[in-house]
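We call the chains A, B, C, D, E and F, going by the order they appear; numbering starts again at 1 in every chain.
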Amino acid sequence: MSDYKAFRVELTDKIAHVEINRPEKINAMNADFWTEIIDIFRWIDETDEVRVVVLSGAGKHFSSGIDLMLLASVGTQLGKDVGRNAQTLRRKILELQASFNAVDNCSKPVLAAIQGYCLGGAIDLISACDMRYATPDAQFSIKEIDIGMAADVGTLQRLPRIIGDGMMRELAFTGRTIDGEEARAIGLVNRTYADRDALLEGVFALAREIAAKSPVAVRGTKEMIRYMRDHRVDDGLEYIATWNAAMLQSADLRVAMAAHMNKQKPEFAD
Amino acid sequence: MSDYKAFRVELTDKIAHVEINRPEKINAMNADFWTEIIDIFRWIDETDEVRVVVLSGAGKHFSSGIDLMLLASVGTQLGKDVGRNAQTLRRKILELQASFNAVDNCSKPVLAAIQGYCLGGAIDLISACDMRYATPDAQFSIKEIDIGMAADVGTLQRLPRIIGDGMMRELAFTGRTIDGEEARAIGLVNRTYADRDALLEGVFALAREIAAKSPVAVRGTKEMIRYMRDHRVDDGLEYIATWNAAMLQSADLRVAMAAHMNKQKPEFAD
Amino acid sequence: MSDYKAFRVELTDKIAHVEINRPEKINAMNADFWTEIIDIFRWIDETDEVRVVVLSGAGKHFSSGIDLMLLASVGTQLGKDVGRNAQTLRRKILELQASFNAVDNCSKPVLAAIQGYCLGGAIDLISACDMRYATPDAQFSIKEIDIGMAADVGTLQRLPRIIGDGMMRELAFTGRTIDGEEARAIGLVNRTYADRDALLEGVFALAREIAAKSPVAVRGTKEMIRYMRDHRVDDGLEYIATWNAAMLQSADLRVAMAAHMNKQKPEFAD
Amino acid sequence: MSDYKAFRVELTDKIAHVEINRPEKINAMNADFWTEIIDIFRWIDETDEVRVVVLSGAGKHFSSGIDLMLLASVGTQLGKDVGRNAQTLRRKILELQASFNAVDNCSKPVLAAIQGYCLGGAIDLISACDMRYATPDAQFSIKEIDIGMAADVGTLQRLPRIIGDGMMRELAFTGRTIDGEEARAIGLVNRTYADRDALLEGVFALAREIAAKSPVAVRGTKEMIRYMRDHRVDDGLEYIATWNAAMLQSADLRVAMAAHMNKQKPEFAD
Amino acid sequence: MSDYKAFRVELTDKIAHVEINRPEKINAMNADFWTEIIDIFRWIDETDEVRVVVLSGAGKHFSSGIDLMLLASVGTQLGKDVGRNAQTLRRKILELQASFNAVDNCSKPVLAAIQGYCLGGAIDLISACDMRYATPDAQFSIKEIDIGMAADVGTLQRLPRIIGDGMMRELAFTGRTIDGEEARAIGLVNRTYADRDALLEGVFALAREIAAKSPVAVRGTKEMIRYMRDHRVDDGLEYIATWNAAMLQSADLRVAMAAHMNKQKPEFAD
Amino acid sequence: MSDYKAFRVELTDKIAHVEINRPEKINAMNADFWTEIIDIFRWIDETDEVRVVVLSGAGKHFSSGIDLMLLASVGTQLGKDVGRNAQTLRRKILELQASFNAVDNCSKPVLAAIQGYCLGGAIDLISACDMRYATPDAQFSIKEIDIGMAADVGTLQRLPRIIGDGMMRELAFTGRTIDGEEARAIGLVNRTYADRDALLEGVFALAREIAAKSPVAVRGTKEMIRYMRDHRVDDGLEYIATWNAAMLQSADLRVAMAAHMNKQKPEFAD
């Protein structure tokens, strides 16, 4: 892997560990962050050896969200014409969105491990992950409302599918902070672990379990759930039938079946 | 505000309090109710001073639903030709739906405070609100099944997004009554308060909090969540980018930022 | 009813009891199963006397999912050309899906009663039912991942609408087994009952309650909720208005109203 | 009918003739125009006696589009805050759109008869009609591009379904003027007539023919074609099945059948 | 092939010729017609040897549409309750639609050859075919309007995609008869041939040409065009990528490539 | 501009001329072609000075489509496992599609000028352009069917919206070659010009005309038409209202208005 400024990336036992690595800045999302994350997830997508991703934040906090300096710098690029400014801003927002779309569209499962602050843009980020796990004292807040804007890099678009419409609106209108336990109760995170060490241990255990499954099956499964977020049941059924028409001819099915019959652990090619 | 027969409407501190005001009739929804609610929400939409809405019912109950006299009177308008009757009924139903669409489409957040009965049409109504809060002894029932019809002013259309598909079907098929606590457990209401006084106090506190946020940001947030109920994630991302292309040029962003830096409370224009 | 090999079907008091009846094979879904279930639900759809369906499994377990012999036999039908194999497999998957679509599209409510194993294809099946009830020691697992494939007869398509996106992915990627209590906590089942006897008693009580309602209203309600899983709120409102334009001219409304006025139990025609 | 300032409205032989009536201003669409058209089409919708609508322009031209004075007056309502201006403009555009939505959603067929200029907003208007007929020397132009804006009251949204994507873009990007013959060749109008008299005669003959058909059948037909512009074929089939479930019980079917058998002209109730 | 009462079916040189065979009744669609057509197209779908279908009518006319006796017999099945009648009618219409859906969903191209009358239900039928060819004196009319109903077995749903919105509405509202030449001019048929003999000769020549192509490629092409009628461009691109992921591994590609290089005629397996 | 191997790119008078520049290979689309086109259109998108694009082919032909050597080289990357091959192929197809998506998503209008061969992949390419113009002796063919595959980089997805469903299927199933005149008759090209010189002169004249319009208005217009290809009319109306909420505050509107009043030619900023 190449060197990153905002991240630390490691690949061990088929698991890519992507850690936001600016702990002295509460892992605020600066310009490096937004471009590097695209490169990292392109590499993950193209590297057959990577089967699962764990996303975490170095230090006491997951992330305080977008770096306010970055936001301020966008303002300086604006001119006098409202229409042209609007085109500039629209393009800029689409660019930022592309960074988290890279996480959402990644063909391998992404597990987020969250402790401490998870604010504003950090909620947008974890909404683009597959699953979320936290410590009880994690603090979640849709902070955008407090800087006078509607969240525009994914929270308002992806979170309603995860936590339901009613509580979604309360959190988005008030910016209220919830802790890890409440996050679990409303379905934002799947489980809490006592502290950061237990959290990482627990999430890596899950990741290892997924990494041992057939990669062909895991990617198909992710693609189908992703697809269902936006499509009809009948379209989804037709899509999986077309998908599996090829994938059921893969060796993984035979490997899994044979292992099942012999009560052994299957070994799948990358 | 003009005088209403089925409602009492007050505007204090940027919060419009809309109270169904026929306590002697358990706040049953009569002809006045259905037309006045459209006027009220048009006024709310057009009045910049209103930033949040609290919807409640006067007396011991929120509402017993549609007035059966009104339903009976529709029957008297029918003639002999099934086809023409169908056109009359279809138009009538679309008219009733328009009353609650006015709540759903309102550009400001609507918080429902529910005590006592919340039956039939009242469920249709609260399904069109942004958030719902209740007392523990509130009683919710999709009563339509018991008068031999499928609910047709919004319950079956909006509630599945709020409480999920499985319990939705049980409640709709059986008309089973659930209390405030069960309503909270399945996500129908966000929180319960000990009694009606605590309920109103709690909901108004929330409303005040939202009223203090940037109105530009609150409306954008509501529009985006409303949009996501029916659209794809990629469409939603494109829509917020286009929306914020204008809104990020608003003064509210600067006001909020400045207040944030100075750790002061921001003051936003209406 | 005709004789079935994989099922036992009874009609009592307007309730069709459909029981998977291969307890010695843990109710594994063999070739008979997949074709008979279509016939059974066509009969249910066409038989006005049937108002509700209870679906259960004979013996200690609900079902272990698709019979692995059946899966193996599909493999033997494949030839050398990958393209033609893909067409064969695609057609075969669409056929299997059609069996559970018959359950999903059935115009009467289907209640699943689940004890013991509910694995793989059995999850696909219960995802196509209206409501699910279980014993605390039931065991649910999206087993497909362990035989190297993405679930393709409905689980990945229907379950996200029932249990939400976050936990859905964990269960689908890991194949983790959850018991009845956890299933209830995440909304997969509506309620648990102490043991199989209590379960069937409870589910039949619910079924009787639904069977006593207006069949015109129950079918309309089911059609609307089914429709909303895949459509927009505004489309849903237009659809129910068109539907009820005819149905509100039914006698059931008058029967229900009259009974309501006289505080009697209504009797509806089939 | 009440008196209108921008229109002349007549009802003869079940046909409503709606004529834009500001010939001295080339029928430019002023403030009166935009509000009165809503009232007129509401009246048409609610008046059973009206079965078809003919829309035309008094004098030498159909219409030169939106009155530039009106456009200028909107500008004066804007303040300093870009965000609040954007909300004002968005609301204003939605209001203007509502005027032509009233034409599009009208339950009776609307036939446009076009001579002379048909520019800018006038293209938006005729795109919302059911059918269009013209004189050979009519002049059509998507004029909005020449005042520096994208057409926002319906042309860009509805016209592609009528004339196809390729020529649509050329006309929208260039604002090129086409005459009646070219309009017919690309499907924008169904037929041309030698001059204004022949045009009105021809369109009224068509209108009379439609007025003689079953109103139940005509409205159902219009609703279905309108629905198909935005929905899937399978949704459309389900919708017409639900619609006709009521409408086929209408007397019109029997009247039409009987007339058909006896080779007589049927007479339908309004 | 089994014997059919309403059809004559022949398979020669990979082309199935399906001929409506009740010339003495102007090929009116009776009860046999509607059930046999489903069987015929299921057989076509399952028989690898069939690569293309030609659909024609025996005698002087293609078909006069639905048999009025059949329509009348439906009326006799209705009872007194409007609601239950509506359910009966809805089910009946869905059944009739299923007959033409079988044509639309057929995995092989269907070419319609039309001479003489093509009225009412016959328009519904040819709208479900892939391509249409006619004699100049063929007569097309959306006859349903004249029997007091909106067409409900496919014309209003499928035809707008073929002939565009503007002329569609004129033909549907007036029931106006157009001949083969006008049908060609508006895109309803692709080409006209001088008389019935030339028509069949021309259509069979086309069919032979298609039958000589790779069946894997032809089916993929049909599936994609069918899919695009109802889906977004981005969904369509993702779908063909998934489809071709398997199909490009087929031998047909190599066979076609090799033949292309050697300038020979390729021979594809069924 | 940087140097390209497969293209020649020039920017003159706000018009980017993109010419496929491998005339000795009939402009076949090789590996360079597919990657360079993305860079070129990214540059076009980001360069405010570019307002319109003309796409043409050097020499006697527009393009013979994908280079068969490239196709062959993909085959060599495949291994033994059908499932993994399918994933490789799917990714490869999505990559090729991305090249033409770059044309489709380009925010400036793209005009294709076509002479000679326009085969296979070249049809996919021109389907992604805004408008198409040709010489009478141009030759169009959906060639993919003849190499045993369904077209998978855009033809089957985009062309039906341009030429209608009926002729689309004939051309796709048969691969029949049509010339410029027939292409014009079915709406594939907007106009023909006598020869290549006249063609380029005509297309550049059109391009200059568009380049003189307000760039803010042109981009908005393109975005809206692109959006309508895949969205509902009501969504489109909401989208343009949101878009114009910002754009109508642009200076271009005032510039255009002032020029219009003074009957002068407006000058817009890039």
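A few notes on this one:
The working rule: a residue touches a chain if its C-beta (ideal position, glycine included) is under 8 Å from a C-beta of that chain, and two chains touch if they have at least 3 such contacts.
Quick caveat, the model's predicted, so the values are computed rather than measured.
When the C-beta contacts at D-E and at C-D are tallied, the pair with the greater total is D-E. Matched by residue number, over half of the contacts between the chains of A-C recur in the interface of B-C, chosen from B-C, B-D or C-D.
In this assembly, the C-alpha centroid of chain B lies 47 Å from the C-alpha centroid of chain F.
Chain C and chain E have Cα centroids lying 34 Å from one another.
Taken residue by residue, chain C touches two or more other chains at 82, 86-87, 164, 216, 229, 234, 242-243, 245-250, 252, whereas all remaining positions touch fewer.
Within the complex formed with chain F, the residues of chain B that make contact are 231, 235, 239, 242-243, 245-246, 249. Across the interface of their complex, chain D is touched by residues 68, 72, 78, 82, 85-87, 89-90, 93-94, 97, 101, 104, 144-152, 154, 156-158, 160, 164-170, 172-175, 229-230 of chain E. On the chain E side of its complex with chain F, the touching residues are 109, 130-132, 161-164, 187-190, 206, 209-210, 213-214, 216-218, 220-225, 228-229, 232-234, 236-238, 240-250, 252-257, 260, 266, 268.
Looking at the complex, you find that chain A touches chain F at residues 81-84, 86-87, 216, 219, 246-252, 269.
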